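For reference, chains read A, B and C in written order, and residue numbers begin at 1 within each chain.
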Amino acid sequence: MTFPSSLELMAVVVSAVYGVLLASRKGMDVIGVFTVAFATAFGGGTLRDLFLDRNPLFWIKNAHYPVIVFGIAILSGLIVRHIGRIRPLLPLPDALGMALFTLTGTAYAMEAGTSAFVAVILGVITGTFGGVLADLLCNQIPTLFVPSPLNATCAFAGAWVYLGMLHFAAPERYALVAGLAMIVGLRLAAIRWNWTFPAVREAKEGGSPPG
Amino acid sequence: MTFPSSLELMAVVVSAVYGVLLASRKGMDVIGVFTVAFATAFGGGTLRDLFLDRNPLFWIKNAHYPVIVFGIAILSGLIVRHIGRIRPLLPLPDALGMALFTLTGTAYAMEAGTSAFVAVILGVITGTFGGVLADLLCNQIPTLFVPSPLNATCAFAGAWVYLGMLHFAAPERYALVAGLAMIVGLRLAAIRWNWTFPAVREAKEGGSPPG
Amino acid sequence: MTFPSSLELMAVVVSAVYGVLLASRKGMDVIGVFTVAFATAFGGGTLRDLFLDRNPLFWIKNAHYPVIVFGIAILSGLIVRHIGRIRPLLPLPDALGMALFTLTGTAYAMEAGTSAFVAVILGVITGTFGGVLADLLCNQIPTLFVPSPLNATCAFAGAWVYLGMLHFAAPERYALVAGLAMIVGLRLAAIRWNWTFPAVREAKEGGSPPG
């Protein structure tokens, strides 16, 4: 069971594009845009590699990854010129990057011999941490846990679908496609129809007491 | 000198309960509550393991820990229903979790052969980082260094008590109890009587110049 | 090619002084000041050591480093009494600490066999992360990417100067001096004349569309 490296490269690229789009809305210079793109593309995978003690880190081993992200940041001036047309598409690279990184995290954790539950959690961390970092660097409140776009929940569900299919001896590629479809579909649907989970409790002090 | 693993499990449980109580006040869904509980319970110990190069991480090795934290988060709906009665107790799991994790960090660092001063610092980091993460995830200003509840200071003092007793050949269990009592007692007293250290300087610009 | 350890100690000291000056403006107690000084002095190097899998961490191996930083924090009451005279000097330890840590990161990465581009990036991360941590702990918006004092950009340029001179077989010490001069000079000039890079796009919604 080896995770196809072309998918990891794809995760890096779409995450970097998402980071560029986010950063360029903040009036950053090109190095600032690069930094956000870098953090978005490599943040989650770096935590994954540190937690699983994988050495060297994936972006040090694949030394062309940072160069590609730098290229994307350099070209951001061009990308951003078409931002009006691009903005409605922004959730797509976000969801796709998260989905791909979630599955790398889950797959590498299983390879390292963790339990299935721990593998799913490492998947969620890998998938979501880049976006959290991007939000922090752009001085936004991280959108991870603020009600509504249930980011971590989608990653959690998709990682279980992936592991479940592998458990029933489905070929790796089908399991990957199913996991990806689950995460991206759930995420886009959650944004489109503004799905939320019920809050554990009516928050904001002064609310009425629950049930 | 081996740190009793039952104490580490206890640290995980009380920290997770603290995380759940904190998160559920923010109107998060169950996955959000789980995430905060997870970060609170495993944040400090993860830094400790990374800094000391302990592999695998303690929550990957003890694969039942994340499952227990997940169970606590699932049950949070029940816990939270009694929040009115529970809230005054909130400082207790906070202080106890911090105390237990501080001592694990100090003990594991000594095991790894660090100097006593470095061991104390690793203890403080292990004890306080989970709470900092919880605050960040809940979009609160971390309470660590804001004057008043002198969190890091209590951990610092208790870690020295623990090491001091070991230095004078006290049995491990007595040293642990003394360190725990020091941290929890100091912390609860600091909250109760609102103890603070003097600021290094009168802050808030426009204040009168110091002495 | 070995990085002179006296320069690393100097980086620790000036970064700790910068952290003390920053923290004492916030009315923190002595443990709070120590924490900020600690994070500023060791944050970047810790990430560097974790990312390059260097064990033990530099401040665990050099156990006198944390003691020195603690001493600086203890003396901060004295330092701060002269803050009026010191404040205009604040950018100097900031720039020098960043420059020194940037070059340690670049040098250690080359030692570990990374590509030049990855080494430069590790330099920038090592140089800037301590300051980001200090800002976060002091509840300031990190100044790293907010337009104007182009922190990361200076580190980036200086790391290339350093590597470029080594590439053309300049002796290590000349390469170090040139890299340091580049970073410190560029940084102080950027602050003095308020240099900025052009934003990738006019930000703040409602601005006129670019080009």
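Criterion: contacts are C-beta pairs under 8 Å (C-beta built on N, C-alpha and C of every residue); 3 or more make two chains touch, one makes a residue touch a chain.
Please read these numbers as outputs of a predicted model, since none were measured by experiment.
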Angle of the C-alpha superposing rotation, chain A to chain B, to the nearest 5 degrees: 120
Shared interface numbering between chain C and chain A [over half = same, under half = different]: different
Gap in Å, rounded to a whole number, between the CA centres of chain C and chain A: 29
Chain B, residues touching no fewer than two other chains: 50
Interface residues, chain C side, partner chain B - complex: 23-33, 35-36, 38, 46, 50, 55-57, 59-60, 63, 66-67, 70, 76-77, 80-81, 83-84, 137, 139
List of chain A residues in touch with chain B within their complex: 50-53, 112, 114-115, 117-118, 121, 141-142, 144-147, 150, 152-153, 156, 196-205, 209-211
